[in-house]
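Just passing along the structure, written as structure tokens.
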Amino acid sequence: MTDPMLEVRNLKVAFPCAGGVIRAVEGIDLITKKAECVALVGESGCGKSVTALSIMKLLRTPPSVSRIDKLQLDGRDLARLTDREMERVRGRDMAMIFQDAMTALNPVMTVGKQIDEVYRRHTRLSRKDARQQTVSALELVGVPEASSRANSYPHELSGGMRQRVLIALAFACMPKLIIADEPTTSLDVTIQAQVLDVLKSMQQDHDVSALLITHDLSVVVNMADTVYVMYSGKIVETAAVQGLFLEPRHPYTQGLLASVPRLSDDKQAFVQIPDTVPHPMRKPSGCYFHPRCSRSSIPCPQRMPRLEPLENGRQVRCWHPLHQEREM
Amino acid sequence: MKRSYVIKRILYAVFIFFVVLTLNFFIPRLGVRDPAERYYPPRGAMSDIEYEIIKQFTREQYGFDVSTFQQYIRYVQGLMRLDLGTSLQPGSPKVTTLIGQRLPWTLVLSVSTLLISLIIGLLFGTLAAWKRGRWQDTMLLNASTISIALPSFFIALMLSFYLGFELELFPAYTNPNMVAQFDWSWKAIQVVLNNAALPIMSMTLGGIVGYSQTTRNSVIAVTNEDFVITARAKGLSHTTVLYKHVLRNAMLPLATSIGMSISGLIGGAIIIERVFNWQGMGTLFLEANSTNDYPLMMGIMLFLSAFAILANLVTELFYVILDPRVTVGDRR
Amino acid sequence: MSERSVFLRVAQRGSSFLSLVKKLWQHPKGRVGLILVGFLVLVAVLAPVLAPYDPYDVTQRAEKGLRPSLQHPLGTTITTGQDIFSMLIYGSRVSLMIGISTGVVLAFLGALMGVMAGYIGGFVDNLIMRIVDVLLVIPTLPLIIVLTNFLGRSYFVIVLVFVLFGWTGLARIIRSLVLVLKNSNYVKAAELAGASRWYVMTKHILPGTSHLIIMNTTLTCAGIMVAEAGLSFLGLGDPTAISWGKMLAEAQGGGALLFGAWWWILAPGAGIFLAVFSFMRIGIVMEEVFNPRMKASSSIYKLFKHLNNTYLEEVFRSMEDEECPESSQEPDYLDASHAEGPP
Amino acid sequence: MLVVSTATFLTGCQKIDYPCRTDRTNTLYVGVVQSSFPSTFMPWLSRDGIAPTIASMLYSTLFSYDDDTGRFLPSLARQWYYVDAEGRPIVTDSGSIDYDRLEAQGVKTLINPQNGRTEDYLTVRIELDSRARWSDGRPVTADDVYYTLDIARNNYLSNHAGALAWTADLLHLYSNSGQLQLQGIFTYNHGATEQGYVIGEAERDQVVYLHVRGVLGAVTSLFTTVLILPEHIWEPIVSRESQLNSRNPDANMQHLYQHPVGSGPYVLDESESGPSQIVLRRNDLYHLTKDDSSPLYTVETIRLTLYQELNVAIYAVIQGHIDMLDAGLSANYVRLFEGRNDLFVSVAEGTYAQSLVFNVNPVASEQTPMRGLLADKNVRRAIALAIDPEMLIRLVANGAAVPMSAGLIRESLSDFYNPNADVLSEAQTAKLQQANDLLDRILPEKDEHGYRLLDGERVSFNVLGHPGEIELISFLEIQLQKVGIEIRYQAKGSSPETTYLWTSRFDLTIQGVIFSLANVDIMLNAHFVALGRTSNYGRLIEPDLAADIEEMRSTLNLNRKYELLYNLQPVIAELYYKVPLYSSEVVSIARTDRYTGYQVVAGATVFNSTNLQEIQRMDSSGGTASSSRGSDVGIIAAVNRE
């Protein structure tokens, strides 16, 4: 078994604010192997993006407070790095693709320049060479007429192009890990597919590990190898992608799957999970999911279940996990 | 696209200028039967007939002998030749000459005020945004409330009193010899700086706070933008992020407020010039007011308006460079 | 984008004036502002009772240039021996009167123009916005000086001029808010239900803008007070009345600086400061009350200063799986009145 | 950039000595308080501020006038006298004018060239000083005098020539048909010899003959007020098309105004003068000298600096930026200078009197019941009695003033002052009693506040004044309360003529008057006779007074003139039309660390021609020059009052 590329142990993030503390992430573990694509799935507000930012160490200490037992990238302990050292890791060893390319790109800087910056920062390339690299990086992600597009401002590009620029930017130094935070949410469906293709081929061609953060299970199916399902700051289920889709063990996962409309199986009703994610400051007692859970029983409102290991490295956090009952 | 935008802005500025100059032409003509009335010299001991002659002479001299429309045409033609009219001061100096004499002195004050308050304001504002919520930030917030509540002329009086009279660090009032004996020598420049110290100080105090506040707010706003996180995710250092990404974008709202203060640059020093007896445009305007020198007053008004229009236009065009997103259409 | 949401938030918090005052009172800074304004109004109204001397009495020549003492708490003027404390008290009348009356009239005009421009749109909007553009480039102070020269020096003229040329700022803000409101669902619903333009304007749009107007009015009042003091300082105010600006002008003209009579300058300056400060305080607090985001963001940092580490550790510990959290409820020592999301 | 600006800013923080503090030259730095300097030096046109002073330093009059004694002192001219038909001087053996012979032999009947009518004239012979030079080196000749008087009287050439406008007799009157008529004098140029007057070949350029109608006052003021212009400079430029006018923007005319060529003691340093500073240099060609033939004026260079505010100027004196201040200060400031031995405080007797004027005869449309009340002499008298001048002097004028006689002639003019005219100098309590007695008879009814009622309405007057006079009016308010009359402050407009004097839109107003020997004939005429002609100065219609003033003004006999002046004072006093309040003293300051030897001159600040002649630079090696001025000239012209 290869060493994990990224190993996160017991990440906790809280946002103290007037009236209490927002518990954003409550002790999650994540492992990404080399060249593997791991998906972190959950509804909005469950702490996915905070997790991503924490891994990049991009959260500022006011307003957030975080604790982590272990943060290792390719065997290197990131948790102990100073800010200065961390700067050298970001962009070179791990990079991030953001959700909305419109806001994630500096509006008053040409896209080429924004990519140049990465090379200028992490390599010893001259200005001219950096630009050459930029152009080829853009070509790699399928931007036509890359050398002239490099001189465009973000607002002059289409949404898909912008997202490609973001991908090029993240892959510029061929990092070991890519964190993609909802990389396609803001795009049209057709373009989504194109961009996902680009992302996937980039990831696989260059053997880059990826942490994909999304709420969209269809994306997960196409991209991911392993899936972590997150609910209200906690991991509720982990599984390989097939296992999870075929046989969800947590009621929440089941709900998520059920809420995705499927053309193939029209017998299955389109089900929605009732209510919404609890407010991060007013989480229910016991299992956070119990108010919305149809299987809720005595222990559920009292105690939080542990993340129990199952077969095939699967894990689930539930008092009443779904097993074979599913067949019935 | 950009060119058409630029042309549009220029045409609009010209349009506004025409509206302003028309207003400027008609305001002194409102509510008086004989607009030349304000131009007649004091009657003194003249008899009716004598005074009639003088009035007639004055009407001819100042072009009131033709119809209002023709007067307007003449006025516009005069402006085309950069002629703002003739002052009622003895010797009938041209308004433009008088403005030319005073303008540099006002610019000494206002440009240095602008630069100093901008530089310090940027530093403080960035610092406050950086140290958001700490004492530096709180202090700035309180300072901004206080500085608005303390009118600049009061600050000026207190500075004049304390630094000028009590400590005798700076001249409490401007020495007019400074203007008369100015010869570009190092010594003369020193004298000017020495005299300008207190007026500049009293004007910068408010300016610094204002710019700090604007800078702070826009830096904070920009810091929360996604692209700043992107920049940090690229591994850029704090300072690079600050200079290349945050400040550059934070400059946009700041540019508007700089544009606003440039347009008010000359007229804004009126009260301070008065406190320190600084021989600039402000005192010229007040002199014109106290001697009822209407052509001079209206000439200065038009000049200030034109300056403001120009400053606004330049800001808008500058914006095109600063913010590539601005192309077509009105930002407002 | 965020502006829009702020506007809507401001607009939707429509409630009565009284509850607004109540909210201000509950806010510690707002309370200070309210008390100060109330104090100033009281001083202005009771000026004849409070003033120990007749401030217009220029006949006390034996008492000239006295330093502050028990008899004259703020001393007397050098030129005429007027009691500065009494002048200060009477000066509040002019400041408050001009400030408040101009502020209120300005609010009406600015709101009217803004609502018209925003709601009717089209030609009216164009016209009003062009007027705004023109007024924006004409230098205000020189223009006021010109007009007082033409129209005479009285407070009526000053208020008139302030109103004529001061409405642009408010009108622009109101216009942007109205543009947002116009597209909001309840206005659309009213329009679909066949409500007349006038009805929608007065019943839906105006109430929606009322808070913004009130907030702006307090800030305008403060601004007008400074402007009035400036005009009086330049000798363009009413020559017979006592105002703080005119007191400063007299102090300067009467050689207060030469004689070192600091009390003569400090007193009216303090008056101006107090009045403007109190109104600004109220305005700023209103801004916080209507737009709590601002407050929330700044209070987080305050919170961090007083952050209790053991409490935080407790929170983190409670996140652990092993220790089942019995008390997921918040301990109340970090309690504040507002509960808001993270920035 | 930050570094540069910080550095420059810090250099600005150093204390810097101003050039004048170390200036070793004989340069007098003078501060002037007004809004702007004259940019042109047209000697007649501007009467405001420092302009006449500068004009009188750049140009010269024929004679100067000693206001205290009524003597003429030589300037451009050495002497003048009336001549008889044969050109012989009409003087007594002692050299003074022989009035007996003047009336008998001096009058000559001539045809007025303008209207063809025959009129009576006197002939004046003026002898110019042959040493007098224009600053371009040319001699001052009789032609210059003729030219000056010609254009001064010609309305088509010198429109509104202010200096002459005051001398009513020299004004050009229009008949109803619009025809120009000359009144007063006309010059008699080269035809003098044809008329039989003797002019020697050698003195051709120095002798001027004038034909003067019987208006002595006009002539004397002409001698001492009209600055003589150089014909050779002005004649080519002044024409009917380009008139002499203060607002004439014609380029040639402006050149003429801005590059003055005069005959005064100083010349303008054009290169150094600007909008905030005027530099005058001593004219080397100036003909008058001291006895030891050293220059009459000891100060070589005068640098006038413009200050817009009095406090700024005082600060400049205290800081040593300037040596003296050409501005009257409030007596409040005296306290500031106490104990400073580097300052000289000049407290000079004032020639300027504040008076309270009643609108006794408003135009019909402005008549109100209250103004009607003012037509009653007893009401005016009661008001005059109620005013306590001592209190006003002590409290309003801060003690720096002297009481003014009700006859409006200063007490210090002891030869002319009539003590009988001082009708208001009793004890205040007695005066108040009298005033109340008088008013009780006219207005017996009072309201609950003690104010008198006229037909059920409170007797209340508005006093027009500028804001600086509010204090004075407040005091009057208190004093008039004691006789049950209410007065209120009313703001004056910017121009007295258009706002109130001409339109007679006022009840009472504060007016400063100067009645000096030099102008008394004109001013009394303007203030008490010239009804409808100028402004409301003269809306008092009193035929007897008018007749006396007219005679005083037009008599050929100076003795008679002064006798009439003496007799007029009680008449004026008893009319209570202009009630004197006080005459303020002129307080001014100068530094003593560079110059010494200051004199106090009546009615003047420290910056006056006496001081320019007397003061000495402390470290100059000039020594002490004697200070007597040419005393042996002008004997004939010297006026003997007896």
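First chain written, first letter: the chains are A, B, C and D, and each begins at residue 1.
One rule holds for everything that comes next: a residue touches a chain if its C-beta (ideal position, glycine included) is under 8 Å from a C-beta of that chain, and two chains touch if they have at least 3 such contacts.
Predicted model only: the values in this text are computed from it and were never measured.
Asker: Hey, which pair has more contacts between C-betas, C-D or B-C?
Answerer: If we tally the C-beta pairs in contact for C-D and B-C, the bigger total goes to B-C.
Asker: Report the chain ID whose CA centroid sits closest to the centroid of the full protein CA set.
Answerer: Central chain: B.
Asker: Compared with chain C, which chain's mean CA position is the farthest off?
Answerer: If we average the C-alpha coordinates per chain, D ends up farthest from chain C.
Asker: Using CA atom averages as chain centres, what separation in Å is found between chain C and chain D?
Answerer: 54
Asker: When the centre of a chain is set as the mean of its C-alpha atoms, what distance in Å lies between chain B and chain C?
Answerer: Chain B and chain C have C-alpha centres separated by 25 Å.
Asker: Just the number, please: Cα centre separation of chain A and chain D in whole Å.
Answerer: So the centre of chain A lies 95 Å away from the centre of chain D.
Asker: Quick one: chain A and chain C, Cα centre-to-centre, how many Å?
Answerer: The computed centroid separation for chain A versus chain C comes out at 48 Å.
Asker: Can you list the residues of chain C that touch 2 or more other chains?
Answerer: If we look for residues of chain C contacting two or more partner chains, we find 252, 257-258, 300-301, 304, 343.
Asker: List, in ascending order, every residue of chain D touching at least 2 other chains.
Answerer: 309, 311, 315
Asker: Enumerate the residues of chain A that touch no fewer than two other chains.
Answerer: Touching at least two other chains: 62.
Asker: Which two-chain combinations qualify as touching?
Answerer: Applying the touch rule to all chain pairs gives A-B, A-C, B-C, B-D, C-D.
Asker: Chain D touches which residues of chain C in the complex?
Answerer: For this pair, the touching residues of chain C are 56-59, 61, 64-65, 78-80, 153, 239-240, 252-255, 257-259.
Asker: Chain B touches which residues of chain D in the complex?
Answerer: Residues 1-2, 5, 8-9, 11-16, 18-20, 35-36, 38-40, 42, 45-46, 51, 155, 159-160, 162, 165-166, 168, 171, 173-174, 178, 243, 245-249, 254, 257-258, 272, 274-277, 305-309, 311-312, 315-316, 319, 321, 494-495, 497-498, 502, 526, 533-535 of chain D touch chain B in their complex.
Asker: Name, in rising order, each residue of chain D that touches chain C in their complex.
Answerer: 309-311, 314-315, 318, 330, 332-333, 335-336, 394-396, 398, 467, 470-471, 474-475, 478, 489, 491
Asker: Given the complex with chain B, which residues does chain C contribute to the contact?
Answerer: 129-130, 133-134, 136-143, 145-147, 149-150, 172, 222-223, 226, 229-230, 233-234, 248, 251-252, 256-258, 260, 262, 265-266, 268-269, 272-273, 276-277, 280-281, 284, 298, 300-302, 304-305, 343
Asker: Write out the stretch or stretches of chain B touching chain C in their complex.
Answerer: 16, 19-20, 23, 27-28, 30-31, 132-134, 137, 141, 145-146, 148-151, 153-154, 157-158, 160-161, 164-166, 172, 224, 263-264, 266-268, 270-271, 274-275, 285-286, 289, 292, 297-298, 300-301, 304-305, 308-309, 312, 332
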